[in-house]
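Okay, here's the structure, questions in a sec.
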Amino acid sequence: MEKKINAGIVGGAGYGGGEMIRLLLNHPNVNISFVHSRSNAGNPLYAVHADLLGETELTFTGELSNDVDVIFLCLGHGEAKKFVEDNDIPANINIIDLSQDFRLGETAKGREFVYGLVEMNREKIAHAKNIANPGCFATAIQLGLLPLAKAGKLQEVHTTGITGSTGAGQSLQATSHFTWRANNVSTYKVLSHQHLKEIRRSLQLLQPSFGGEINFVPVRGDFPRGIWITSYLNSDLTLEEAQQLYKDYYANHPFTHVSDKQIDLKQVVNTNKVLIQLEKVGNKLVIHSIEDNLVKGASGQAIQNMNIMYGLDETAGLKLKSIVF
Amino acid sequence: MEKKINAGIVGGAGYGGGEMIRLLLNHPNVNISFVHSRSNAGNPLYAVHADLLGETELTFTGELSNDVDVIFLCLGHGEAKKFVEDNDIPANINIIDLSQDFRLGETAKGREFVYGLVEMNREKIAHAKNIANPGCFATAIQLGLLPLAKAGKLQEVHTTGITGSTGAGQSLQATSHFTWRANNVSTYKVLSHQHLKEIRRSLQLLQPSFGGEINFVPVRGDFPRGIWITSYLNSDLTLEEAQQLYKDYYANHPFTHVSDKQIDLKQVVNTNKVLIQLEKVGNKLVIHSIEDNLVKGASGQAIQNMNIMYGLDETAGLKLKSIVF
Amino acid sequence: MEKKINAGIVGGAGYGGGEMIRLLLNHPNVNISFVHSRSNAGNPLYAVHADLLGETELTFTGELSNDVDVIFLCLGHGEAKKFVEDNDIPANINIIDLSQDFRLGETAKGREFVYGLVEMNREKIAHAKNIANPGCFATAIQLGLLPLAKAGKLQEVHTTGITGSTGAGQSLQATSHFTWRANNVSTYKVLSHQHLKEIRRSLQLLQPSFGGEINFVPVRGDFPRGIWITSYLNSDLTLEEAQQLYKDYYANHPFTHVSDKQIDLKQVVNTNKVLIQLEKVGNKLVIHSIEDNLVKGASGQAIQNMNIMYGLDETAGLKLKSIVF
Amino acid sequence: MEKKINAGIVGGAGYGGGEMIRLLLNHPNVNISFVHSRSNAGNPLYAVHADLLGETELTFTGELSNDVDVIFLCLGHGEAKKFVEDNDIPANINIIDLSQDFRLGETAKGREFVYGLVEMNREKIAHAKNIANPGCFATAIQLGLLPLAKAGKLQEVHTTGITGSTGAGQSLQATSHFTWRANNVSTYKVLSHQHLKEIRRSLQLLQPSFGGEINFVPVRGDFPRGIWITSYLNSDLTLEEAQQLYKDYYANHPFTHVSDKQIDLKQVVNTNKVLIQLEKVGNKLVIHSIEDNLVKGASGQAIQNMNIMYGLDETAGLKLKSIVF
């Protein structure tokens, strides 16, 4: 039997951390060395993540250990960079950061981070020491646009994104109060969402000439998990040409698939998959792309990155049963 | 034109207060004199109750006025009694209290309160100075049992009650976080809910011999509005006899109806109605009773009480369109 | 007391018909003369619309009567025109049609129909004999754009619309199966929704020069009632100028209001209101507009039209308590 | 590498069949030999189970094959028995039937079926040729009562059960219409649910003296997955004694756990687990038990049975990530 990868999780009490634990507990090649949470130190994991009752007797720790191969940082934006700066993490430990702190090329303590969008950067990821895991909206939007950018076909894009409530985390807010959010719709950060920066950065790497706007309307959906993206743009590609372009692009990517039929969000909820569906209406190409925001949009993608970094099967630990209903 | 009733609302920023405002704004015989809320004084009502935009330009006030006929107290449990004790409310002003502070015969400053369950106490209410408005669960459970109690047919009762999230008010709690509550079920205060006291009190008034238990399992439902009650007990009544008993009892009550068909909660959501359906299985009589917890279970019933106190049509201001879907 | 308007409802067993009944039952100036439904003739209304139990003992009829002032047609698209052609409805009876059959200037038996968007056509409606009631999406989208069109400021528009499941009616379909639709998102008729025709027709009446596209992405939401619209376009108006333009346009319209704060769908559910909120981001003007698809988007607007045709207060019978939660 | 178990699925187009496929696709010791569905023969599995896109290229077949070790019957009640009678299935092929056709000792073609409730019958299952997989409600209710029955402590029981909509399958019905079911509550088969027979049978096997009633109120919940059970009965056990009794009973059962804290349904959704929580109020013992109706209540339990029959780790293929949110 191969030696297992020893993994530490920092910020293990939040939604991202919890999903990290759930996935790693069942990963055939990983051993969870520690789950760090200062406020919950000493408590069993299931005291916070109640669904873990019966899964593990592990407890949270307030101490960091250097006896690990990789650390997953599941901290708030801004806190990840501070954590790297404040702690002496040996250089041989890999870091996979789920925050936005290192997605635009930022460094800390000399560490450089590869942007962990596998479907764009698989080779770089394979040789990376540190990974900046993409944002949830950014992942779904980019996967809907990468093939066009690579083909130099990108123009001004119009995008609607609808996100589940888990995207807002576990803090109690007026916009995540059940009474308010159930059966409700609202928008936020219209045309100004922070993920636009990392999206634009990736797209311009593939298509340096791209200068058009990405007009993004984020919507709060009244469901807990998942992100739905519909983008459209002017395009001279026929539907068949576009479908071929996308299928070719994703041919060797095990989690991203092009559907010939209409898709719906629950096809991917609780999985690491992204499904894409294309339509052509007049001169507009329409691209739908969907994911689970906590899996492919966060912790699942982090593990996908780890798998590639360590030369494992990209799907190890990520063959997940969808909730489907 | 008749003179309108001048009404003040104390605690106008909560769910009960908001529903009070919504209903009174459209009441043909009522003028809202003031809506009191210390923390929101000076703000328009729609700053807190956003759906009131376009309905009224009224603002919250931090001052009380004695130039009213009736005051609705929409305060937390314990606060209502304190409010009556701390303020010199002239004796000629009627008080309708929505808390549980006066439901068991408590008094304050010499004020006595009639228990405002119209379908049991209409005559007393007509002559009351002050009303203790029943609890939401208590209303639906009692309306399912009153005819039996009056007929001396009550025995040990087994009751399940499922409530919408509005029953927990607007404070942000873990059990009202959308991500947690959506698609979820849980129970609380099993067999020990505080409403059992007022329920037992009423039932024993009608059937003094009743000494059986009322076993009540309260369930948190994953919807915002409404209460579903299923009670059952041993009974020698046939279904037809029971239906006749209930129909006779409620014949003169405009808001309570016995359905011959299976009922579902959304038949009454956003109305002041209670629907009751009976089944007989073996020697057990099953009684389903449903209401909107914020209307018949709180503010609507408060207005129904006011209507009777002031000699108005009992349904004035309470002919509400159901949401139905 | 004034003589009441006698109203007949044709197609009374569907969602539109049911909502028509609910609203007219409480309308102070209307008497429901008949509710027509061939398949339900003889049954009480509450046999189909279960929430009407306790509201009315009216039954469906399979016969039409000419002893009415106005007929509301709540039939499927295509059936309304056929109904007018197949039945000899005396010329003095007004028709308000909720289908799309007469929205683009179509006629039948010599009857001409005024497009019943009050906020654009109030004068014409006041003198109309027959009304083509606007579509649900069309109402919300147009009310978000009318002030711009009137000011000649319209350009290519990008619109997302999210609709509740009631928009799909009561027929059992795969896309309205609870198990499928709960927590799900999907789109349909992307960039090709049939309401675009009536929208474009109205906008060009106000701004004949307008030739830009209206790019509309319709989304199936996982809630029963309501429509959320977000539109954006390039604009040289400042936010303040745009807000003033909209507030001026709607100053005399009792159901349409401009909010200075972020809006959410449940502010209008179960009411006849439309709320509009504006944002300016860079050179883009963003317009959010919301409605209840069954009320302002259908039956409520039909009554609003009737009120104006008959010289009543525009809000008669339409002062509705919002569900809010 | 061990030889894999070859499995056939009959009735693969329904909810039970789909969940069977999802689970077996990821089972390390199983090969899916065929998925039978007459109406879908020739179509890829993902044409019916859309979430399987990207998971498998298998197609439905209209032919049965005898080249399998085990057949899972995912047919409607009544159809399973007919299937066994109408087809010559070689005696060496094991059958695991998910219907209710063989749960009460029925036989067909000489085949006898062991009741597949692992937590009661593990030894018998290990030697069984055919399994009658328990009903969904029956599983959760029994797991809440087995330890009491084994200890001879069972008396008349009062049980409420709330089920997700998937329990009603994929056929389009009025009670599974999204518009109706969302935010709604209703009951069915009150005190007369068909699962009571198999429940009583099991309990009397463990406690032959038990003659009390099991009063069961089934409730339709407005969520897709999961079953919540609350049972209570008179008991002389203290809470500590009862907890010890339950923990001892389930000590060697990997999927059933006793929680010391309040439980909620989403702790187990999308897993094969059952969580149990006990309360003592006065002389009543309260037992909450929860499961995913499609996994532990159907297909997951079927695989658990197969694992035991074939001497595999009981949890093989059943280490599932919960949806949790």
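Note that the chains take the letters A, B, C and D in the order they are written out, and that residue 1 is the start of every chain.
Just so we're on the same page, a contact is a pair of C-beta atoms (placed from the backbone, for glycine too) under 8 Å apart; a residue touches a chain by one contact, two chains touch by 3 or more.
These numbers were taken from a predicted model, which means no experiment stands behind them.
Compare the CA centroid of subunit B with every other chain's and tell me the farthest one.
Looking at centroid distances, A is the chain farthest away.
With contacts counted as defined, which of the two, A-D or B-D, has more C-beta pairs across the interface?
B-D
Can you compute the centre-to-centre distance for subunit C and subunit D, using the mean CA position of each chain? Integer Å is fine.
Distance between chain centres: 47 Å.
Can you give the whole-Å distance between the Cα centres of subunit A and subunit D?
Centre separation, subunit A to subunit D: 34 Å.
Centroid of subunit B to centroid of subunit D, CA atoms only: how many Å?
Computed from C-alpha means, the inter-chain centre distance equals 40 Å.
Pull out every residue in subunit B that's touching 2 or more other chains.
15, 164-166, 179-180, 182-183, 222-225, 263-264, 266, 269, 325
Touching residues of subunit A toward subunit B in the complex: what are they?
These residues of subunit A touch subunit B: 15, 164-166, 168, 170, 172-174, 176-183, 222-224.
In the complex, go through subunit B and note every residue touching subunit C.
Those residues of subunit B that touch subunit C are 15, 18, 22-23, 26, 49-51, 53-54, 164-166, 182-183, 224-225, 254-255, 257, 259, 261, 263-264, 266-271, 273, 275, 294, 319-325.
Would you mind writing out the residues of subunit B in touch with subunit D in their complex?
Per the stated touch rule, the residues are 158, 160, 162, 164, 179-180, 182-188, 190-192, 215, 217, 219, 221-226, 228, 230, 232, 262-266, 269, 279, 281-282, 284, 286, 288, 290, 325.
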